[in-house]
Amino acid sequence: MIRYLTAGESHGPQLTGITEGVPAGLPITEDEIALHLARRQKGYGRGGRMAFEKDRATFLSGVRFGETTGAPIAMSIPNRAHEKDDSNWPKVLNKEGDGEDVEAITVPRPGHADLTGVQKYRYDDIRPAIERSSARETAMRVACCSIARQFLKHFGIEIGGHVTRVGSVGYEDSWEDVRKRVGPMLKDGAESVFEEADKSPVRCLDEELTQEMRDLIIKRRKEGSSLGGHWEVIVTGLPAGLGSFVHWDRKLDGKIAQAIMGTQAMKGVEIGQGFESGRRHGQVVHDEIIYEDDDFKRRTNRMGGIEGGISTGMPLIVRGVMKPIPTMLTPIDTVDFKSKEKKDTRYERSDVCALPRAIVVVESVIATVLANAFLEKFGGDSIEEIEERYSN
Amino acid sequence: MIRYLTAGESHGPQLTGITEGVPAGLPITEDEIALHLARRQKGYGRGGRMAFEKDRATFLSGVRFGETTGAPIAMSIPNRAHEKDDSNWPKVLNKEGDGEDVEAITVPRPGHADLTGVQKYRYDDIRPAIERSSARETAMRVACCSIARQFLKHFGIEIGGHVTRVGSVGYEDSWEDVRKRVGPMLKDGAESVFEEADKSPVRCLDEELTQEMRDLIIKRRKEGSSLGGHWEVIVTGLPAGLGSFVHWDRKLDGKIAQAIMGTQAMKGVEIGQGFESGRRHGQVVHDEIIYEDDDFKRRTNRMGGIEGGISTGMPLIVRGVMKPIPTMLTPIDTVDFKSKEKKDTRYERSDVCALPRAIVVVESVIATVLANAFLEKFGGDSIEEIEERYSN
Amino acid sequence: MIRYLTAGESHGPQLTGITEGVPAGLPITEDEIALHLARRQKGYGRGGRMAFEKDRATFLSGVRFGETTGAPIAMSIPNRAHEKDDSNWPKVLNKEGDGEDVEAITVPRPGHADLTGVQKYRYDDIRPAIERSSARETAMRVACCSIARQFLKHFGIEIGGHVTRVGSVGYEDSWEDVRKRVGPMLKDGAESVFEEADKSPVRCLDEELTQEMRDLIIKRRKEGSSLGGHWEVIVTGLPAGLGSFVHWDRKLDGKIAQAIMGTQAMKGVEIGQGFESGRRHGQVVHDEIIYEDDDFKRRTNRMGGIEGGISTGMPLIVRGVMKPIPTMLTPIDTVDFKSKEKKDTRYERSDVCALPRAIVVVESVIATVLANAFLEKFGGDSIEEIEERYSN
Amino acid sequence: MIRYLTAGESHGPQLTGITEGVPAGLPITEDEIALHLARRQKGYGRGGRMAFEKDRATFLSGVRFGETTGAPIAMSIPNRAHEKDDSNWPKVLNKEGDGEDVEAITVPRPGHADLTGVQKYRYDDIRPAIERSSARETAMRVACCSIARQFLKHFGIEIGGHVTRVGSVGYEDSWEDVRKRVGPMLKDGAESVFEEADKSPVRCLDEELTQEMRDLIIKRRKEGSSLGGHWEVIVTGLPAGLGSFVHWDRKLDGKIAQAIMGTQAMKGVEIGQGFESGRRHGQVVHDEIIYEDDDFKRRTNRMGGIEGGISTGMPLIVRGVMKPIPTMLTPIDTVDFKSKEKKDTRYERSDVCALPRAIVVVESVIATVLANAFLEKFGGDSIEEIEERYSN
């Protein structure tokens, strides 16, 4: 089983991650991880910070001669902001000293972990909550999960995501329109989806919608507001039989849902037609089974590749929603947690819409869930051993 | 930490469950569990089986003189169908023998775990997949989780759910209309929600919608189709500070999402405004913080009681979607998994719309997630010990 | 991964267990489990209870036509003492009522979980601690683990244990003498070890020691004292490569150690030469590697089949110690936990030496650890699938 | 719950660790960790490497102004050997390249993870097994666990270990003699034990034995052999009530046993009198309960502070055995795993007896187990919150 821990504050010296449980003999390079880290940093609607960060994860262990050894893989990503900013991060986040000359932040921003962080950990300064709950952490999460992603790709399993809605702008019929757009692309594997989406500054596959989304982002930026939206991730090449119905915590969709909702700013997740399936009746929801090319297939894929908590062998379709970024130029009401006085939210430099970049994060976290389900079925300590079984 | 395992086939002799990790000294009776088991069996759109099942979970261990002892609590629920049916369940599900005189089922029903079960476990008869993936299992899940629910209630935490949509019939503005309807009820605690909803045969709080939902169910039944829909569960009395942002797998919303998506037929889950928040812009999504009655509150609760993966102290609002029941009178295409020949789906007696009853299941599974988050913060091996801390 | 929960009080109506995660298609019968349950009930030095208990675990789910289905396997074992005793167990362990007419036990027995149970769970009656910490629970543990044991046996992995010491009576040179005795038996598989040991009333392979152990048990019974001793379990047929050195919690010996020390009355565990290896120097501890019969072997097996946390393919040798039974006819000092007054321990009917029967428990708990390590390496959801890989 | 992952090869650029789940507000400094890292590097019988390594763990996250924030704590320890050696570690452990100019090691050393590593991971070079299974990893394990140790110390719980045997030299009566020696020291807390033991080059509390152990080490070094031995760790200040008897995997002794046996070279573990208790009869094994100074105590402590899987409030006594170091100057037989030819073991620079330093490792790993048991009982997200409960 692959497991990973990430560590690091948004403006601390570095992010650190350890991924443990990867089979030995998987070809892997820092460049492949850098690709997804770079994708995570691109996208329209970004704030200033991204301009000078250019993330690269460095392997510190577990990789030799371009292959995993089975040992834990440690990685670090330096936070260039820590040093380059004029600001005094080394002082503000000093691991030593008493912090007496650092001003405490006491005005929580709604929608962040600011107030809840204080309530949980009894902070007298919101700073630690800001630092650790920041989306900056997802850079290391992408790095850790990119190893699992590489593992899946080795066995022909590809992952690709795209944006289906930014605020009021999105596909008219979110399910059917998107199926028409994406369906033909999947015969080349789901990576073709992200490759195509990456050409759009908002990672939307539709050119017209891309333009409208950009316009909306510009408009909301001017107003001092922010935006979220809807996304979709597709996985191709997944074999049938991963996950199980025999106990609730073995269901593949349950594990995917936790991984997604465990990602910053995600407020909902659905598989296949998801919420839309509640509006329809059974005859137009379930997927007829056919036998074709020596395999069982579904005439449609409204179930999104999972039935009874188990992968069907059809493309996996996971969709979700990211809420608008809580940091906004135009303030809303809040309260100083010490004085209890009413305050305006203070502004920290931020993006207007983080969704295009968050696509890479959700693609990534799904990868580790799937790699574990795959390992559970095929077992094995080395790529060679797994290949023997998988080709059988 | 509370954990539980359920066992049992849909038409086997009994369902069995073990709940482990409950603190000692919690007052608990079979009657309280029977209440939720009965609720799970009621609701419009049900098929024939429910008529003669009347579930009651029997404590087999871990309870003495009306209180938990801290030891594992085993429970059994007999499957009356096993005996009473004219059918030959004891023969079909015989634990011994070679099964030669039992006809194998080889035609998988789309939307069930039938084909995926065969692909995963290499069954040559779909029967075991039908039996274990059946919603019958949720009776024991409700029983197991009702203990956690009782624990929460002891500390003033109440849970209540209701139906917001059946197929094409639902609240026009799913967020605002429902808030107006439910908001005033919460001052009495969330149990008032389920008590009110239980008066409706479809567990909908709105009388007019109730009538329309019934009509739709009648219509779809006549057509031989089926229905799913949308639901909402609300939890009141939850303290701020449960869950955490420090690591992805500590986020409270992630754990809730897994529990929901680990429930039969659920295809989506959202917290608070969920998918709707992706359509809006930040100014009308985030909840302003106020200080009132010696406590921090939110002017609105669009985040649904969770910020940064941590409970805010506002009511928790979880919403989700259940797909239409895959078993339908009017057949759709499928394939015999042995002969590979095209077949019509065969009909087994089934409900048309299981959503009203599934409400009780999702209320329940959330309870165990919350009880564990509560225990993590307050620790403790006995109710007495936890009370000392919680009243502080 | 196989996991299991057991439930039930020593004098409650039944023991209940659920084993989850067993691959589908494993041939299994209640009789095979009954064999080990019967073995657990036999042995010299037992008290009265065993005479009228004859345990048999009944499958309640997860088994059809003599094979596992992949679904959770529930089992029950009735406690005949609950009904047959003249005593009033149904009243003493009533799940309802207020227990006012049941006298509380307030004098803890040293060596039991009596006082610690009260301190942990704030009981005002020791009874629940007595009931759940009792070795009676191991009947269900044996039943649950016998399924894993059957799984291992299907792949040629056999387990057998024997007693090497009872109090002051044991092999003179615990390592060398036992190796000489056991070594030749292993070519027939480790089950030959338990089969041979089972012929001795104290499960000792040596006839002379058997007689001395019996004499010692008689002597200590007369004195009102009790005895423990040392045991050894051997596993043959285990492939090399289970467990791992890459992270501490993946080491096979660590998992075995937890399972053993998680068993009632066990106070120590060692692998291979264990504590003896600390008395020697390296030249006479490590096992030279040879290549023979197309396989890597060790000239000796002092490491007991594990190097670097991984199975070597040599027989696994686990040894441990069981403390004397704390319940003794001749009282020792204790204190009433309510009045704080000094008291004599009270006597409950008990064995003098439980070690011969505990052998079966330690054999069993090791089985589940090994089955999980095996599943991790070979993966698979069905016996058929695993067979394909394992024969390769 | 505190969890941690370590990463890093013995001669790689650095060791990396992440400790997650530590409550907020714990005062902690790198110096305190450095103390135990330095202790781990001291001791008689060490080889050359220790001379130039001087470990210091650097906090990379999770600590601000001298206190934990509740966020994951990442640490790194550079491997000075990586750079300073004349050897070419950067080339031998290159994460990139094809390794064609690096000679593969194909002769496994008995007693190491060399052959088992190859069998598990299908290496064609033993190097990765050597690197990751090396005791060098324990430096980071000590660092990670020292945080838990600091947590315990904050609540008055102290840990101290010492050596009781090196090869043939040890206390005559391992239980009674050691009790006499250690008993009086415990009134000052268990840290007095390690402080006193640290004065001996072999960490033995007895001066005469210290001299004999040194002599033996010198003798075995000359012979080209190696030594292991026995150790004891004592914990004082532990409250009663940690762990549980209600399920096997909640027993405190089971968790301790896994942590110990999960440590390199440990072949056995026992609690209290351990194996000795199997040689005695009940009257002289169990600890009479008394009431003294407003508390329940035991007249003796042969059970080593745990009864029924729960801490008794008496000092915890854990003992174990470390096998002799497998790397020895005088070769023993082995086989080239590629050619299958018989070979002598090759020598790498190594210690003769690592036991004195391993004491620090076993002290450390016990700390995390106990901290988690403590957190389970007292809950809490911040030191402040836990203090309120613990002082109650």
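So that you can tell them apart, the chains are marked A, B, C and D in the order they are listed, and the count of residues begins at 1 in each.
Going forward, a contact is a pair of C-beta atoms (placed from the backbone, for glycine too) under 8 Å apart; a residue touches a chain by one contact, two chains touch by 3 or more.
The chain lineup, named per UniProt: A, B, C, D = Chorismate synthase.
Please read all numbers here as calculations on a predicted model, not as lab measurements.
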*Would you kindly say which chain has the C-alpha centre located farthest from the C-alpha centre of chain A?*
C
*Looking only at C-beta pairs in contact, point me to the busier pair out of A-D and B-D.*
A-D
*Between chain A and chain B, what's the gap in Å when you average each chain's C-alpha atoms?*
27
*Please work out the Cα centroid separation of chain B and chain D, and write it as a whole number of Å.*
45
*Roughly how far is chain A from chain D, going centre to centre by Cα mean, in whole Å?*
38
*By residue number and range, which residues of chain B touch two or more other chains?*
5-6, 20, 70-72, 120, 132, 241, 244, 246-247, 377, 381
*Residues of chain D defined as touching chain A within the complex*: 3-9, 12-18, 20, 24-25, 29-30, 59-66, 69-74, 76, 93-99, 102, 120-123, 127-128, 131-132, 381-382, 384-385
*Give every residue of chain D touching chain C within the complex, in rising order.*
5-6, 108, 110-117, 119-120, 129, 132-133, 141, 165, 167-168, 170, 220, 223, 225-230, 240-241, 244-249, 251, 253-263, 266-275, 277-283, 285-291, 296, 298-299, 303-304, 307-313, 321-326, 328, 330, 332-335, 337, 340, 342, 365, 377
*asked:* Quick check on the complex: what are the chain C residues that touch chain A?
replied: 1, 20, 70-72, 241, 244, 246-247, 375-381, 388-389, 392
